[in-house]
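In what follows, structures are represented as structure tokens.
Each of the two complexes below includes chain A, the first together with chain B, the second together with chain C.
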Partner chain A sequence: MSLTLKNVSRVVDGETWIDDVNLTLEPGSFNVLLGRTLSGKTTLMRLMAGLDRPTKGQIMMNGVDVTGVPVRERNISMVYQQFINYPNMTVYDNIASPLRLAKMSHAEIDRRVRETAEMLRIDIFLDRLPLQLSGGQQQRTAMARALVKDSQIILFDEPLVNLDYKLREELRQELRALFKARNCIAVYATTEPNEALALGGNTAVLHEGKLLQFGPTAEVYHRPKDIITAEMFSEPPINVVPGRVSETEVTFDESVHFQLNSDLRPLKPGNYQFGVRASHIGLVPHADDDLELPVRVDLAEISGSETFLHVHNPHFDLVLHLSGVHEYHVDQQIKVYFPTHKLYAFDEGGQLVHAPAGLGGR
Partner chain B sequence: MTVQMTSASTARPVVEKSDQHSSQPLAPQAPVVSHAEIKAKRAIWRGRIGMTIYLILLLMPIYWLLNMSFKTNTEILSGLSFFPQNFTLENYAKIFGDPTWYMGYVNSIIYVSMNMVISLLVALPAAYAFSRYKFVGDKHMFFWLLSNRMAPPAVFLLPFFQLYSSVGLFDTHIAVALAHCLFNVPLAVWILEGFMSGVPREIDETAYIDGYSFPKFFVRIFIPLIRSGIGVTAFFCFMFSWVELLLARTLTSVDAKPIGAIMTRTVSASGMDWGLLAAAGILTIIPGILVVYFVRNHVAKGFALGRV
Partner chain C sequence: MTKVENNKAWWLVLPVFLIVAFSAIIPLMTVVNYSVQDIFDPYTRYFVGTEWFKQVMTDSRLHDALLRQFLFSFTILLIEIPLGIAVALMMPTKGRGASLSLILVAIPLLIPWNVVGTIWQIFGRADIGLFGAMMAKLGINYNYASEPLHAWLTVVLMDVWHWTPLVALLCYSGLRAIPEVYYQAARIDKASRWAVFRYIQLPKLTNVLIIGVLLRFMDSFMIYTEPFVLTGGGPGTSTTFLSQSLVQQAIGQFDLGPAAAFSLVYFLIILLVCWVFYTTIMHMQKDK
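The block that comes next holds the complex of A and B.
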């Protein structure tokens, strides 16, 4: 069962919400839709579900056009960001409702409901009403209802956003395990790059209604197609600094330049945008060819055991993602070390022309 | 009063004392608490007395009506008496023994129930459409519906009378029920829309995803979710229809005559039958009290949601 979107667009009140998306999701795959708020994740999911109709384009299930088929005749499930359950039914009836409508036998319904509830560890709450449960348990109920039937597509629209982080990590792990055994297409929307990395599978990066890149999560992360994709898929966003490549050197400004290394040698002379991840810039050199860069501190944002250091030199701003607590005062002069072998190079149009060879980690 | 005064005055020096020697943790604490307690008790008593006076004033007319209904006409007219001197149930016996009297109640209840059912059946789908779909002129239409209620019923008296006479609906229960719909349906749509918009749209979608058809979803999932709203709406329909007299009286003559119209019969050449009129009044209040009793929780919820 593969799901294919062909040139799908959706225009609402003259505003383009989804712009010409082409996407094929394979059976048994776990797919993450990554994008910021208003990037069109929910809209795309609603199109996949059949809750909305695309303005243009086709949606195919297994090669059959299902564009106009109403949602109740498609075999899908959906879990929303809000905890959506039927408040007037018990947890048991909530989970059983899709099976009852499918006219399954009582014994089979009972077996499946109990099995799914046990899997999601809500089996002791089966007789309660959803509103008597905690948020996490309510969301588990919604997930159980989505998982209990054999849907071809299961859509998760930021299901863990309204939960506290402990529960979120726990549920995320379980979710991944739950899908291992299934042969359905799972689609999971999230705004957080780290969540996409933790979930693995495939990632589709969305921005302003456009599909920027789709592929295995690690590959999209390590070889982003262009600057926007790279910015979307890193937290904090990747640093982008303009530079010039000559026959022998890479020059950022008159004083800051380094010899072309083996990595960057294939680049033709010209203007480029260089991307470097916030976590790759260090306060001490990690390699011999690291470039020393004198900068001034704008802000040291300390969050727990991590520090986000915002610095600038006369030509560009940088963000450093440091582990540990580092306190600096504003305008302090410091030196940071720029990893010349971990640079992404984008051409003037923003397309990736070079990615660091080694998988550089975060 | 004197007891309170003394205990308060003895309490005061203790308070000052404990303030002066605040460093001593063993300073007597109990009298301080009792001083605050006395203040709280006084506040409670003030509240109770105020409330009692308010309730007496509020219930006075109703008590007077009840009082009158158990009196004979001679006693009512003879002077002031707070309790019936010659307690009698004759007035009630007359109403329950005479079909021209008690059928008035039956007629009223019939057309009010019909009106409640019709209003709800019409308003439920309309309110759902207003709350869930966007269509051309939806906002204007929603407001226009409500503006229907701005016209006094008397305005519609003539058209209704003429129309019903010509189509043979005159003096039927359905005639009054339909006439009242003109006022109750807009109100019902307005109230129900508020309750429906309080239900997240995602519940509808989840139901469709689960495989519910629209009618099944509406009856099994949606209606239970807006139960309070339906209760409140039914209550308001009842209230309007039960007390509305002008249309009900004009559109009926014999077969569907409402109790309100029948009550005017007590004015005759020999004067007014005060006792009988009072008994009829008491019996008219009772259905209202019953309805309020049953929907009181829902109405409270409705007020909390802000649409009523």
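The block that comes next holds the complex of A and C.
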């Protein structure tokens, strides 16, 4: 079962929601759709499901054109951001409902419902009504309903956003494990780069209705095709600093110089945009050739056990992603260490020309 | 720890207390007062205990009116609730059609009771009324002034025409509150139109339906103006409902004592039936 989208576009009221997307999802694969709100994730999923028809282009299943086939005649499941269950059916009946509609035998239904419920650890709640359960259990019920039938495609539309952090991590891992043994196509939409990284599989980065890049998640993360992809696939967004490469050294914004190292030597002299991930800049040097930068603090944003430190020097702004809680006051003078070995270089058109080596990514 | 008396709080409760006293408690107590006395004139009155209540309980005229009243209320509930749901389901959900249909459906609600009565009184006349003339053309001798059944049908029709829109609007708002994803999920599950109604829409409508049933029951149980305008409760006593009997007794015959006793019984019946409705629906919801 492979799903192919060929030059698929969707235009609604003159606005392009999906712009010429080409994508092939392999059977048994786990695919993440990564993009901000309004990037077209849900629209693309609705097209994959057959809930909407593309304005242009074709959708193929196993090489067969299914563009006009309505959702009722396809075999798919979908899990939503909201916890969608039949309100006055018990958890058991909720999970059984797709099987009953498929006219399966009672014994088979019972076996499958119990098996799926056990897998999602809601087997002790089978007699309850959805509203008597916690949010996490309600979403598990909705997931069980999606997983219980043998769908060819299972779509998850930001299923974990309405859950608390701990529960999210737990369910995310279970979900991944559940799909290891299946031969269906899983598609998972999320706005969070970290969630994409945690899920693995493949990632498709969407931006303003366009598919920027698709490939194995780690590869897309480590070798983003261009600046926008790199920005979309990092939280906080990757720092971008304009710079110039000469025969011997790199200059950032006419102010900061450092010797051209072995990594960057292949770059031809000229103007580049340099990207460095927020988590790669440190408060202490990690390597001998880390660049020391005096900066002033704009804001220390503490989020849980992490700190996003916003700083600037006279020429550019930087964001640091630090683990642990660090408190700074505004305008405090500090030094940060800029890793010259972990730089991405993009040409003036924004295309990737150099990615740091040795960071995984194949 | 010593208890601190804070008498200022009483001042905050006082306005509500006064409003409730003047709007509910004092009138009710006046009625209670009347119901246990025989009053000849403002200075001549005798305490009669439960005599009026005994009289009310054995008055066959009132029993007939009560039966008629129940029959009427249940008939219109049986028609208006399903019909209201059906109308709400058929109303368009977006675009200009939605606002247009809302206005059209709401129009009957804006018309006063006595006008509704008059409209149908004329509408049903065989000589000048559209409906009456049409029935006559069809060979049906439709005459609400002489046929009890026809009078009944007209009153029921009138009420259905007047109040189904209320149920429809309540249900419409209830339906709009169901997120679109529920329908989408149902489509993915390959659920039939009936299953969508039975397992998504109806459960989500329970709360507005409770309000609809209670409102329609209470209101129809107190129906007065429409049959009064149409036939004055006739022909005979066939459309004389409880409130009209009460008015006849209290104002027509000036029997204040029995009328007061009757009012109290009337009030208790409404209270009791509403309570039964409410608890039954709540139980049904819980059991499922």
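Just so we're on the same page, the second predicted complex is superposed on the first by the 355 of 362 C-alpha atoms of A that agree within 3 Å, B and C clash if a C-alpha of one lies under 4 Å from a C-alpha of the other, contacts with A are read in each partner's own complex, and residues count from 1 in each chain.
Just so we're on the same page, a residue touches a chain if its C-beta (ideal position, glycine included) is under 8 Å from a C-beta of that chain, and two chains touch if they have at least 3 such contacts.
Keep in mind it's a predicted model, so treat the numbers as computed, not measured.
A.B. asks: Quick one: chain B and chain C on chain A, clash or fit?
C.D. replies: clash
A.B. asks: Where does A:Val91 make contact in the superposed view: on chain B (first), on chain C (second), on both, or on neither?
C.D. replies: A:Val91 contacts neither chain B nor chain C.
A.B. asks: So, A:Ala49: does it touch chain B (first), chain C (second), both, or neither?
C.D. replies: both
A.B. asks: Once the shared chain is lined up, is A:Ala186 touching chain B (first), chain C (second), both, or neither of them?
C.D. replies: A:Ala186: touches no partner chain.
A.B. asks: Let me test your reading of the model: by the given contact rule, A:Ile109 touches which partner, first (chain B), second (chain C), both or neither?
C.D. replies: Touch partners of A:Ile109: none, neither chain B nor chain C.
A.B. asks: Both chain B and chain C touch chain A; at which residues?
C.D. replies: In chain A, positions 49, 51, 71-72, 76-78, 80, 82, 84, 86-88, 97-98, 101-102, 145 sit in both the chain B and chain C interfaces.
A.B. asks: Going by the contact rule set out above, which residues of chain A touch chain B in the complex?
C.D. replies: 49, 51, 70-72, 76-78, 80, 82, 84, 86-88, 97-98, 101-102, 142, 145
A.B. asks: Looking at the complex, which residues from chain B come into contact with chain A?
C.D. replies: My answer: residues 200, 202-203, 205-213, 221, 224-225.
A.B. asks: Could you pull out which chain A residues touch chain C in their complex?
C.D. replies: It is residues 49, 51, 71-72, 76-78, 80, 82, 84, 86-89, 97-98, 101-102, 129, 145 of chain A that touch chain C.
A.B. asks: So in the complex, the part of chain C that touches chain A is made up of which residues?
C.D. replies: Touch residues, chain C against chain A: 179, 181-182, 184-185, 187-191, 195, 199-200, 203-204, 285, 288.
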